[in-house]
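One structure below.
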Amino acid sequence: MEERNNKPIVKLISKPENMLKTVYTACRTCYSAQSPVEMYENDVDEEKMLKLIRNVVASGHHSTIEHIQVSFAISNVSRACTHQLVRHRLMSFSQKSQRYVQEKGQFDYIIPPTIDRNPELKEKFISFMGEISNKYQEFVDAGIPAEDARFVLPNAASSSLVASLNLRELIHLANLRLCTRAQYEIRCMVKDMCEALSKEEPWLKEYLVPKCEAIGFCDEHKSCGRKITKAELFEKAGVNC
Amino acid sequence: MEERNNKPIVKLISKPENMLKTVYTACRTCYSAQSPVEMYENDVDEEKMLKLIRNVVASGHHSTIEHIQVSFAISNVSRACTHQLVRHRLMSFSQKSQRYVQEKGQFDYIIPPTIDRNPELKEKFISFMGEISNKYQEFVDAGIPAEDARFVLPNAASSSLVASLNLRELIHLANLRLCTRAQYEIRCMVKDMCEALSKEEPWLKEYLVPKCEAIGFCDEHKSCGRKITKAELFEKAGVNC
Amino acid sequence: MEERNNKPIVKLISKPENMLKTVYTACRTCYSAQSPVEMYENDVDEEKMLKLIRNVVASGHHSTIEHIQVSFAISNVSRACTHQLVRHRLMSFSQKSQRYVQEKGQFDYIIPPTIDRNPELKEKFISFMGEISNKYQEFVDAGIPAEDARFVLPNAASSSLVASLNLRELIHLANLRLCTRAQYEIRCMVKDMCEALSKEEPWLKEYLVPKCEAIGFCDEHKSCGRKITKAELFEKAGVNC
Amino acid sequence: MEERNNKPIVKLISKPENMLKTVYTACRTCYSAQSPVEMYENDVDEEKMLKLIRNVVASGHHSTIEHIQVSFAISNVSRACTHQLVRHRLMSFSQKSQRYVQEKGQFDYIIPPTIDRNPELKEKFISFMGEISNKYQEFVDAGIPAEDARFVLPNAASSSLVASLNLRELIHLANLRLCTRAQYEIRCMVKDMCEALSKEEPWLKEYLVPKCEAIGFCDEHKSCGRKITKAELFEKAGVNC
């Protein structure tokens, strides 16, 4: 059985110059008589900048972190995953088109982990991907255009995209999609996005967490137990929600 | 060979009360000393309202038509089509989930017209949809959750959704997707959306057209010939573009 | 001293037909094998619809309530207030233009309550509004266009607008602007918007509340004391935040 | 008469690293079987990148240029101008707050050019700004909070902000606001924004133009004569619009 790479490939390809200084200047502009042009030109201690940003973000004034946008090149993710991802309407996407790009030979695909760890099911899955590939080629050979032949291609077929989003939306994405309730593949992809960015900008690490870490409790219907649920929190405190 | 319904099913399920009056009031508010509350309460001749709206829209002041939002129930469209549709980020969607809704028996699917009109290819397509359905059930029966078994489901699998959008976005959608360059299925679906609305609000008909009808010429790379191309227009006029 | 109306005038001018049924159909579409067209055509008990909507909203699946959009005609609000309001980027606005609408005679204005309840300051304020009006007219009489003469007009000058927003954004607006930390005038305006809608659609009343009512505690830096603060809640529960 | 700086101060404070390469990678991702991660890592000739981008933008596929976001620090603009600017809902803003920042002494302000070039009116204007400043201080001294005292401050009062937007929105902003129909001050500010960016990224210059330059004709109701009007173009070409 051939060895496949089943994990998303994620690369941070673009981020603003002077990320921290830009957010700091934006935060201070709201509350200061000084002009942002002057502020930006002054040297400021990094700790001081971080402290202000932490306060402003903690106060819920999240428009200040929209001034940072980052871009990721992503490949080896299923069309099932990208159909979920593109529902984040505040992101920008450029995705490989199945209308314009015709598959040559076996298309790439993703095997879900529940299937991947069962050798018998995995073999059945891989073999069926081969059958789908053959059927796709039969239609193409019969003169059906790629945009129609692709109707037989499965959700498992892998896709590529460039995705950009601002820091506010990235934190929102992390809050939702790092939750264990999110589907495995998108959770894995978002985790890689967050790690790629945190590696270069470590001050962001504390914000790129599942929602329960951000708010201190779990508000999902079914909790994974990582954090106290909202109902338990209020019960323990003896307070009516 | 079984007879299948291959066309989108589109139903306008919601529109605002007093659509025309609302847009008229919005348009006048910008240019009048009168309060919109008073304006709204006065009776105005329909022709007079339409004339003002036509002028305002022609002048490119399109934020005034955002005050109208309409909702459509849509079914019998492929996941290929919905992946295109949900890229319209100014729309609101509630779509049938392949994670939470498990297929029982043969899933519904769409046959692309290029295949549908060739009896041999059509039979091959239908038969392969049966094979995919069997494979999906095999995985489900082996204990694989629906959210992972769906990795074998094809782009052809049909979906359902409720989609809402304001009039500005609907005109944009019509401009783009009624163009013959758009894929057959989404063109068909958007045509049905526009017709369902125009039937109840005939004054909107003139706006729900492909882009070339709206601007008077074609600015696509490859033109279908319905309208003069931009290059030809400037050449005929003897003007440098 | 002349008697002035200092309160926003708010009128709900448009809402969708079948509001509850539309949201219900959207919620069910996500989790059901049935088509939304069929669902919409069936009669459903109101209590059953409300129960489903409550569950879906409580689970944080808020895109389902975007399918409802409502429109308000608003007048007698200051330009200070509208500059705040138009920062809500998911709303649609058509606002009276100070460029195109020239003031004739004394412009309308809003007196802030802290000044309104002090007779001496109030008189000073009203008299100064008269001086500004005279200055504006002097510039207009000297041939200065309205768009430039308006540079002397104050933040107090009243404005009119038509504002539309979907239910998700209205709940967000209520959560933020019904908080006692919001400025008096916008709080008053948003309260009137919520009451106008709740009067016609009483099932929405429970959602149109300040954030502390929605989440059960206060997460502002400075609390008004209406609800337990987040810090106190965790302390009482003996849990680390 | 004191000498005042009446022009917006605009500084480009942030742009992405590798701007051109990021857009190029996004454009190619849509039409290529290669992964964007590999593409990004290959060296590509600048001319080749520019050619592809030009083609993609000319074809109207503008989502590809959303991957670039830039940030500007802006000061010395009137509140009249910022009330216009913040209506661009796809931008991100952090603006100096008149609620939280109390004016000390004479507030800064902008004199409209029609007044600025008339010495008599200019003197009257400056003197009146002094009167407003005195009145503001009187209210502050009487214990009125800044958020209410500001009700006497004029549209002329200057403001500061950090504004971020992606390239698609910047081109839209340029198309609208570089038109001679836009108000003088915002036209001047947007011109400075475009020049600041074009200076560092000269390949963008051709896109940062008024709409008539972009489309080849003028579609305003009242034309300034810079370009042929749409009506004249069709008439010259002997074509019905």
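A, B, C and D are the chain letters, set down in written order, and residue numbers restart from 1 in every chain.
The working rule: a contact is a pair of C-beta atoms (placed from the backbone, for glycine too) under 8 Å apart; a residue touches a chain by one contact, two chains touch by 3 or more.
Keep in mind it's a predicted model, so treat the numbers as computed, not measured.
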Fraction-based call for chain D against chain C, same above half, different below: same
Angle of the C-alpha superposing rotation, chain A to chain D, to the nearest 5 degrees: 180
Computed distance of Cα centres, chain D from chain B, in Å: 32
Between chain D and chain C, distance of the C-alpha-averaged centres to the nearest whole Å: 27
For chain B, residues contacting two or more additional chains: 93
Chain A residues within the chain B interface of the complex: 78-80, 82-83, 86-87, 89-90, 93, 98-99, 109-115, 118, 121, 124-125, 128, 131-132, 135, 138-139, 142, 144-145, 147-148, 150-156, 183
Complex contact set, residues of chain C against chain B: 9, 11, 13-19, 21-22, 25-27, 29-33, 35-37, 39-40, 63-64, 66-69, 71, 73-76, 92-97, 100-101, 104, 160-162, 164, 166
Residue ranges of chain D in contact with chain B within the complex: 59-60, 216-217, 219-221, 228, 230, 233-234, 236-241
